[in-house]
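The two complexes that follow have chain A in common; it is paired with chain B in the first and with chain C in the second.
Then we have the complex of A and B:
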């Protein structure tokens, strides 16, 4: 059985990617199970999705803790202590990372010893689809690595995307970009060894008083410690020559991330700005530009 | 149509579509919403001919569903967890009306603390209501069970509502290949409902769901529900036979997995049974004669099938994915009640596992098999054991620290 785990942020397409792969493998004659996992839905929050592909009956359910293949759709998750995309990856497994960097650079930057494949899916999405749409591209990459046929992928894209994309033109662009990614990945001969499970110890849990065991939080809030700047695909940048200091962007920022400097010009808190670009759209004089974020080259990527 | 990759929710929606349901009152709740969204889209696109109404709450929703069902139209609704509890009053009421409503519950742990993962305290809360209960392990089973549920509910010997249960996330959002038959085959299995006792016809007025004062009257009606529910065991067998003939898939009130020569038996329900079956296979490879009994029909409780299947077994471990606070596993008590008067009853062990969707690891299953063989040697059966691992305890300790509980 092949077990694949996708890591992305809510809205990037990890769930759809796992489904396109699932359908492709199903059309290729495999037994398949696919399954997304997210808590209370939130755009930008880390999510995982899973696809199991097998010739035999699948006697597993739920999360995949020992994947053969990990697909990292959002590079910043590699440094997120909660997401931990590489956890449990089997020896001999494959990691795909959506990044402009080379496999070697990626291995070094994130201390990965496993086989790494990289491709700048975001750039391909922007160039070929016009949007940073990643689901079909990630599905194509995963299909290639998992050894699923191109025809099955093509049919799966049609089947899965036609239900969610009504514009035929965009659908075709998606398929074209996906097949481009499929061809761009060099297939690997993957030989994973079954992970040697660290035996779990089953325990008896003791009584604790309600002061400890009630679902109440006694600590002060810690939400500000959770930076959201690495969710950005685009960074808003102000052109102060055009800015009239009208404060529209300050008022419209849904996150309260835009402040004003001593001269009255707005600036963003890039540690928390999620890159929604509402500011750029609302700016009456178009003084805010969007620049593609390269997290692997920026300090915010470390957050 | 052949096989399609469908989630449990998608499979439920297809069951409703092919059962040619007339009326669906709805109210959204995670992880059920995909069912009513799918149906709403089909109705809006003209793919399905039915009336769909979004209600103000689950209480109104269950009332509307029961009332519509009492006019003789085929009715469906779905909910989950807190939603089922919010409609709780009307669950009992509608069952007493003796109408063939079919509902889906997508299991989700109950508040507090509020959560999203599945366990069965929601569905088991309505255990005594009169609704028949079918619990599903796979997405295919969800689809099949909806068709079977209507046939069962609409039978004159039963006429009780049926609730089909699936686990949130583990089935509701998990896609598997599901065989979708054509509508003609479904019609030959489940023809249009021809109500004989509750319908709406101006020429033939009737009052339904009336009040009775006096225990002798009340007792009569309640016990009639019980007898109808007991009848459902036989009717269910007929429905299963018919279903197998039409669709080729075989169901019983219980599923026996490697059970025939088994000595040590796990009792489970719903989607986690898949994990139990894998554990049974691993135990067999190590030479232990393990087996699994999955309860598919929980109401009526299939006592005769269980007694028969567990005859001569050495030890039986019930894994309850629920907790009756202050007592332990709900199904354990039911199993104990079922087996108590058997002459050669097996040792019966109780485990609580998978609350809020917590995984049950291979080691936890090994632990259960160990406990069974130990109990056999010593004759001592301990109190209910919560399946929990050291790593999970460490994670919990971390959470407590963040919450300032240190």
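Then we have the complex of A and C:
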């Protein structure tokens, strides 16, 4: 049995990716299971989705804690203690990372010793679909690594996406981009052992009475610690030569993360700017440009 | 009448440059990028200041505070969907009793602010709001109306507009419009209770929003606000369009900006020339079925017709 685990952030498409992979494997004649796991948050929070693929009946249930293949859709999760995408990966397993960097660079950067495959899915999504929607692309990559046939993938995309996307044109662009990713990945011979890496333990939280464990928040205004800046696909950049200090962008930012410097020019708190780009669209003189965010090229933690 | 809050400036502002710089909803929340409701809330809390208690019915915005984080500088209480106004009554009474007993300095008094989505305001919490209005409870109500039950995956609510797609009203053979029912007129429902102050607001018109809060400040009793709140994942548009769509809903006449003082309604902004509703509809995936694969002329006409009829009723359209 092959066990795959997808890691993304809410809204990126990890759930749909595991669904498409599951359907593709099913259409290819396998028994499958696929299901997501997420918390209460709306967006941005780490999300995990799972797929089991087997020739035999699958009797196993519950989350996959010892995957053969890990698909990391959001690179910033590799350094997020809430996600820990590599935990439990079997020796000899495969890690896919959505990043502009090479496998070697990625292995070094995140101290990964297992086989790493990389592809800049975000760029492919932007170039071929026009949006950073990654579900079908991640599904295609996972299908290739898991050895699922191209026709099955094509059918699965049609079956799963036609209910979500009403525009035929966008649907076809998704399929085209997915098959491009499918071909871009070099398949690997995987030999995983059942041995799980050492030093990774499941943490048991002791039972506490409601007075201790009930969620009363006694702090004020501490959400900036969450650093939603790693949600960004594009970064807004201000051109002070054009800026007239009109304050429009400051008034339009839903996050309230644009401040004004001593000279009256606006600047963003990149630690929490989510990259919605309302500021760029609303600026009357187009003084705000957007550039593709390269999380792997920014300093660790510093965005 | 409890003394006017010295913290709150009541003079009207004229431009966005005069919006107070203090942020009372901080960044880093789990709300989606480009959430129009969050932009509304940010401006509302700039107007209200820090000395408030928020009573928040289950919705997207109850997720703004997820243990151990909160974006607020003020206290916050979570209630079930139907009963935020009842919760507000309890908080108001408790504060009043503490002040009366000399246990709370009147200077430390807090404003009680109900915050709910449209699901609570238009549907589940309608009766508890009616009760609070009937009792003339001294509170603020902010409804951010994203026109569906957003948090649970965008199901149809009493605020969902005719002709739009939701998870529970997908367009198809038997109902080509998607949502077949008309959006309730919550403004009129609330207004029939004669509250001292009631207004519609928009995240795209922060000066209008700010001045409405400043005006409302002088009244004791219910002060109610309904904000048309653009929702990128629910409505299906790119987050960067959130403000431009909120603006279009006003410019097309779909969302009238108005206020009512003791039941008397005045429009606070009337577009010089109304844009066609299509300009607004065609930007959103939830209305895509009205244009593709075939144009549903009858539905588009009837949406335009309803908007025209509204403005004719007020003699603001020939």
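One rule holds for everything that comes next: the second predicted complex is superposed on the first by the 268 of 303 C-alpha atoms of A that agree within 3 Å, B and C clash if a C-alpha of one lies under 4 Å from a C-alpha of the other, contacts with A are read in each partner's own complex, and residues count from 1 in each chain.
By our rule, contacts are C-beta pairs under 8 Å (C-beta built on N, C-alpha and C of every residue); 3 or more make two chains touch, one makes a residue touch a chain.
What you see is a predicted model, and the numbers here were worked out from it, not measured in a lab.
S.K.: With both structures placed on chain A, which of the two partners, chain B or chain C, ends up touching more residues of chain A?
M.R.: Tallying touched residues of chain A, the top partner is C.
S.K.: One more residue to check, A:26. First (chain B), second (chain C), both or neither?
M.R.: So A:26 only meets chain B here.
S.K.: Touching A:235 in the superposition: chain B (first), chain C (second), both, neither?
M.R.: neither
S.K.: Looking at A:63, would you say it contacts chain B, chain C, both, or neither? Reply first, second, both or neither.
M.R.: first
S.K.: In the overlay, answer first, second, both or neither for which of chain B and chain C A:247 touches.
M.R.: The second partner, chain C, only.
S.K.: I'd like to know which partner A:221 touches here: chain B for first, chain C for second, both or neither.
M.R.: The answer is second: A:221 touches chain C but not chain B.
S.K.: According to the stated criteria, A:34 is in contact with first (chain B), second (chain C), both, or neither; which is it?
M.R.: Once the two structures are laid over each other on A, A:34 reaches chain B alone.
S.K.: Which partner does A:7 contact after superposing on A: first (chain B), second (chain C), both, neither?
M.R.: A:7 sits against neither chain B nor chain C.
S.K.: Where on chain A do the contacts from chain B and from chain C line up?
M.R.: 40, 215, 217, 219-220, 222
S.K.: Residue numbers of chain A touching chain B in their complex, please.
M.R.: The touching residues are 19, 22-23, 26, 31-37, 39-40, 58-63, 197, 199-205, 211-212, 215-220, 222.
S.K.: Which residues of chain A touch chain C once you look at their complex with the stated criterion?
M.R.: 10-11, 40-45, 131, 166-168, 215, 217, 219-228, 231, 246-248, 250-257, 260, 269, 272-278, 280-282
S.K.: Can you name the residues of chain B that touch chain A in the complex?
M.R.: Within the complex, chain B touches chain A at residues 3, 5, 112-113, 116, 169-170, 173-177, 271-272, 274-275, 277-278, 281, 357, 359, 361-364, 367, 385-391, 393, 400, 402-405.
S.K.: Report the residues of chain C in contact with chain A in the complex, numbered from low to high.
M.R.: Its residues touching chain A are 16-17, 19, 21, 23, 25-36, 38-39, 42, 60, 63-74, 151, 203, 206, 232-233, 238-244, 285, 288-289, 292-293.
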